[in-house]
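Think of it as A, B, C, D and E in the order they're written, each chain with its own count starting at 1.
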Amino acid sequence: MTTPAVAEILSWYASETPGTRANLARMLNTGRLAGTGKMVILPVDQGFEHGPARSFAVNPPAYDPRYHVELAVEAGLNAYAAPLGMMEAACDVAVGELPLILKTNSSNSWATAKDQAVTAGVDDALRLGCAAIGYTIYPGSDAFFDQLDKLRDLAAEAKAVGLAVVVWSYPRGEELSKDGELALDVTAYAAHMAALMGAHIVKVKLPTAHIEQKDAVKAYDGLDTSTQAKRVAHVVQSTFAGRRINIFSGGATKGEDAVFDDARAIRDGGGHGSIIGRNTFQRPRGEALAMLGRIIDIYLDRDTDGEAIPDQPLG
Amino acid sequence: MTTPAVAEILSWYASETPGTRANLARMLNTGRLAGTGKMVILPVDQGFEHGPARSFAVNPPAYDPRYHVELAVEAGLNAYAAPLGMMEAACDVAVGELPLILKTNSSNSWATAKDQAVTAGVDDALRLGCAAIGYTIYPGSDAFFDQLDKLRDLAAEAKAVGLAVVVWSYPRGEELSKDGELALDVTAYAAHMAALMGAHIVKVKLPTAHIEQKDAVKAYDGLDTSTQAKRVAHVVQSTFAGRRINIFSGGATKGEDAVFDDARAIRDGGGHGSIIGRNTFQRPRGEALAMLGRIIDIYLDRDTDGEAIPDQPLG
Amino acid sequence: MTTPAVAEILSWYASETPGTRANLARMLNTGRLAGTGKMVILPVDQGFEHGPARSFAVNPPAYDPRYHVELAVEAGLNAYAAPLGMMEAACDVAVGELPLILKTNSSNSWATAKDQAVTAGVDDALRLGCAAIGYTIYPGSDAFFDQLDKLRDLAAEAKAVGLAVVVWSYPRGEELSKDGELALDVTAYAAHMAALMGAHIVKVKLPTAHIEQKDAVKAYDGLDTSTQAKRVAHVVQSTFAGRRINIFSGGATKGEDAVFDDARAIRDGGGHGSIIGRNTFQRPRGEALAMLGRIIDIYLDRDTDGEAIPDQPLG
Amino acid sequence: MTTPAVAEILSWYASETPGTRANLARMLNTGRLAGTGKMVILPVDQGFEHGPARSFAVNPPAYDPRYHVELAVEAGLNAYAAPLGMMEAACDVAVGELPLILKTNSSNSWATAKDQAVTAGVDDALRLGCAAIGYTIYPGSDAFFDQLDKLRDLAAEAKAVGLAVVVWSYPRGEELSKDGELALDVTAYAAHMAALMGAHIVKVKLPTAHIEQKDAVKAYDGLDTSTQAKRVAHVVQSTFAGRRINIFSGGATKGEDAVFDDARAIRDGGGHGSIIGRNTFQRPRGEALAMLGRIIDIYLDRDTDGEAIPDQPLG
Amino acid sequence: MTTPAVAEILSWYASETPGTRANLARMLNTGRLAGTGKMVILPVDQGFEHGPARSFAVNPPAYDPRYHVELAVEAGLNAYAAPLGMMEAACDVAVGELPLILKTNSSNSWATAKDQAVTAGVDDALRLGCAAIGYTIYPGSDAFFDQLDKLRDLAAEAKAVGLAVVVWSYPRGEELSKDGELALDVTAYAAHMAALMGAHIVKVKLPTAHIEQKDAVKAYDGLDTSTQAKRVAHVVQSTFAGRRINIFSGGATKGEDAVFDDARAIRDGGGHGSIIGRNTFQRPRGEALAMLGRIIDIYLDRDTDGEAIPDQPLG
């Protein structure tokens, strides 16, 4: 039966249909974190973003779309997100077991605009048996309004048929400096706008302590932003006082310790989990499984590397 | 990952979308029978058929729609089937955990025709997060052609959005005697027609050894129909040589031993499971759970009453 | 490239789209009769009409929907016709090789009206990769007008998406005696009405020499109806002077010689082929293949039983 | 250029689109009667009504759908009307030359109700290049309201795409005696209702002098109904004071003189022409052409048989 | 019956409808390569791209759209691809025999943007009897996102009605040098994106050993790209580990030996075939047939010029 942690989360979505809540529940009740209210999701859209060789050459079995679904099931993850073709080629591998998130827009390395193309639809999500659609927005880009228009249409259609909506919110554009894209104020604002668009799950990158917007500096006066966990806590607060599922990524491939530190910060800051792509499939399978196991342990508070936690106390 | 038993069953549905296969898999992978290819389903449409007091007075907690969902989850069943209002009132109880089958037509005690009204639609099934729609046909009734017309429309719509289709096939009408409704030839024909309509799961009543149709007597010459298991085997054969999921009910409330004998016969005859309503919710909760537990044990071949099996050898 | 025989037939359908002509061509260019302008088609809707045991008990492998598709391919037939569920369960067996005709309406032994239910649609035919839809009408029955209304809608929809339309025309009803259902005048009228409805392929039963309609007796004065071939020739003439594909069945299972005589009569009368169900699948596989091979030989004028042809001279 | 006669007729249809007026003009400007405001139309739906042998055995070339189109062109007629299959099989013969009227409903000899089935649609008429749809109503039959409902839908659809609408109005039913079906009051009423339904061309049978309705007797007091021409004039008056095209048929095959007398009466009574089926295609081709030539001469006032006209003076 | 090679390929498309699989099978089971899992396709869209004289003046019979269909049939190719008008003008030539791919977008020499116009739709493909739609994308161009939006809609519509989807992926745009358009990394990326969009068949140009993207250089470290076959193998790997049909063209007209070397490299690298336009129709008919015959022999491993193969060993 539904655990208190999951029941609490589902109560935030009382305005949605039981179908949408059921699909959120399926994601929350799958894998090793089932019932905890925490999630670890594997997204594989690197092929679109950076091309196949930069994504998979370091770990050639990952060229096969089935590899990722099998890995996600074996690692005990909550869900798997991918573009249309990847999903079509592998959705039967763990049929009915692993909740699927169909990415409905995508960008690529050669894009001449800070935008994404709509590459799949709600009808695709239904025929492929997905639990949710995913959609990326670029707050700050010239294309942002148009992206919101399209998101509104896709999200409304998804909710009408009982699917959940996951929004990746990545600030970029003329108004933002390179550092600004990861600034705390910018990240919080980006998460807030995703929630305002009706996203059920909001995905942002872990923020730095930088404050980008001059007009916002005063508002951040007095807020302790010294640790990652505290910055996560501010983003969570900015996402409807924590009443929306908030998941984080850490960006480019990096050392394992950094990955684990990220997970601890997310946990300690009250985030709902990690979405972790390149750091997963760009390692050999065994290493990836070990790393994901350790991350899940962190969310389960079975973190064996006790020293790390004192480093990140929540003020 | 998908077990060989479930993979074999899903291979029968290769013409359907991954969404429909995923919903079949969800039913097959839920509860204590998960992965075995066998199913026990709880249907509660007695209220429509016979009114609330005749259905629930013997066990008053059953008046509450949530009672049944909780019972099905606790007993480790595969799915729960109910009409629209029951589903709306309880679908959140075990949200995302228990696959739901929305009955889309229903009859009642005061009906003036051997027919059913369409009482729910595919859009309801999606917004309530159901895995399948259910539909009852009455082969032999004046309304049968009209029922098939409507089933064709509902089934096509359901398949297009990735839902599964469960058909209850209950022969009745001018051409059939009372005994004929449970006759072996009639039951096999009823199961076959449900499969011909594109049902993914076919539900019939356990047949007697009676042969109703004069024109069919010769065809049954030489077929051993002496045991329930053998009769189940013939119905399974009549349902596309066993390439469709075939589940059985035993009819009116009866003694526990009869219920267990039914389950053994279904198992030994190659049926895929039991659908068991009144015999469940018209017993006190504890008794019901014990009985369902024992039935599931039978399908798991953990039948502690070892003597029963030799009583039902398949020739 | 298209043979003269096939090109001549396709020229009759110049008002249809290339898609519909292509699907007619696919049927005419498949199997051992490819390119001859003749067809032998296997229909399996006996399960709906008479139930599974009466249909398949005599040859149990035929319970499996895949059996029939494999048989049709091995025998070198032109096409296979079946209801929705049968087609869903076996359409992948000879994927893309054997043209499929989806029967879109069906009756059954317990029907209380001389009617059929619509059991499949044009969308089903497309998703299952069929070349044509099939539809049965009962000229003379109370339901006939309603059947034509529905046929008109299905046929218009099929033609718009490039499918072919096959109409089974079986007279029955109050106005016709039992003998009358197979009468020559009645059969010719039934074939004519199917053609008037826009059928591309018209299927009737082989007619007797009986003239049923009093008002028609005079019109048949002087027409030689003494042989089956001559009666076939009149039906063909009644089907737009032979400018529509006209195929025939011989009815109930019977001796092989009768089946071969039928084929010779169809050939000599200018019919386009045989549709042969029970006589095929109710024999053991080897016998069925031998019989179908001989029938095809007859259409190829490789009839080894030379004596039979002189018995059926066309005056 | 448009003649005064045709311009006058088109002015009656000012509320219709130019497309519909253009299709009326195409019929009025085709054949030997082009520009005169008069029409002779060949309808071939006898095959549906009476079966192929009763329709065509007397003149076997008429079994071929192309025969009729060729005949209509050679005779210099204004238009050709036929059901769907006949039209599909022959519409290419005189493509773009002969205006086509697609009959969209049909009855048959075995019908158990005084009704017709809808057998073609406006989409068919467009794809086959027709100028108009045709539709038959049976005022007085139980099915009349339903027929009007369907006519309203078809006519509205036809007008929206610029097609003309021809209505055959044939009274029959419980309330009418056999003689009453051709009664003057009944025919006038039937023509009026067709016009009220929005028909552009109204087709009725030539009326007798009988008055069927008791309530109507008084209204006919003092009206001279002694000649066919005077009765035609009353029907024309009843059809919006002659502001709708009104064409007549003479019923069953009969002697040539009777046919010519009919044409003279239609002409003298102010009718717009003849629709003449069986009397055409049930004669040998040469005879039919001669007869049609003579009828057209009558409408052109080049009636060589001068004696006939004084016989039918309009009082 | 389906060969193991074709069955293996069809298994990659398990998420599609039987209709789509049947159309893929029709392409794989046509021509001299039927059943081998290899394909040679003739595309004729040069007229749109470069104008008629530059396309056909060198071989004037090629101005006639029927020329190409006849050539493809005579050469025993698997399919023919062309824009709407070419298809309408010739689809009846080999009706039902040669699978047709309707190109649904096209560019031209005077285009002011690196884009294509949508020039045909799924409804066109159905009415013309096509097995697939074709669509070209320009990864890297300003119009790329818009092209993907439109491809998503066309592909979803095509899949819903059982058609296959072929995507031509041609990198071009500001971010790419002229050499870069054929670079190995760029080609692999272009093929990958086509697969991600849900293409069933991916068509790219044979890549050079150049690596265009600075960020990708490291990923190609250690990959042997010294032969064409090895480069083909990398593109195939990049297209879902070879689980999508991957076909190649060699670009501009060139000597025969180069064409044969290309085919050997595609074969040895695990590609599924050649798409060869200008090199076919810009030669005299006899030469073209000889050349296509030799290419097919190469795919059949009946390569008579044995010396060529050792030149292209797969590392």
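Just so we're on the same page, contacts are C-beta pairs under 8 Å (C-beta built on N, C-alpha and C of every residue); 3 or more make two chains touch, one makes a residue touch a chain.
As the structure is a prediction and not an experimental result, all values here were calculated from the model.
Within the contact network of the assembly, the step distance from subunit A to subunit D comes to 3. Subunit C and subunit D touch with mostly distinct residues; of the residue numbers seen at this interface, under half occur in both copies. Distance from the subunit B centre to the subunit D centre is 59 Å, each centre being the mean of its Cα atoms.
Centre-to-centre spacing of subunit A and subunit B amounts to 40 Å, using the average Cα coordinate of each chain.
Per-chain Cα centroids separate subunit B from subunit E by 49 Å. Looking at subunit C, residues 88, 91-92, 123, 128, 160 sit in touch with two or more other chains. With chains as nodes and touching pairs as edges, the resulting graph is of another kind, matching none of line, ring, star or complete. Counting only pairs that meet the touch rule, the chains in contact are A-B, A-E, B-C, B-E, C-D, C-E.
Interface residues of subunit C, counted against subunit B in their complex, comprise 47-48, 50-54, 57-58, 60, 63-65, 83-86, 88-89, 91-92, 106, 108-113, 115-121, 123-124, 128. Subunit E contributes residues 14-15, 17-18 to its touches with subunit B in the complex. By the touch rule above, subunit A contacts subunit B in their complex via residues 1-2, 10, 17-26, 28-29, 70, 73, 88, 91-97, 123, 126-130, 160-162. Subunit B makes touch with subunit C in their complex at residues 12, 14-16, 139-142, 144-149, 152, 156, 160, 171, 173-176, 185, 188-189, 192-193, 195-199, 213, 215-216, 219-220, 223, 234, 237-238, 240-241, 243-244.
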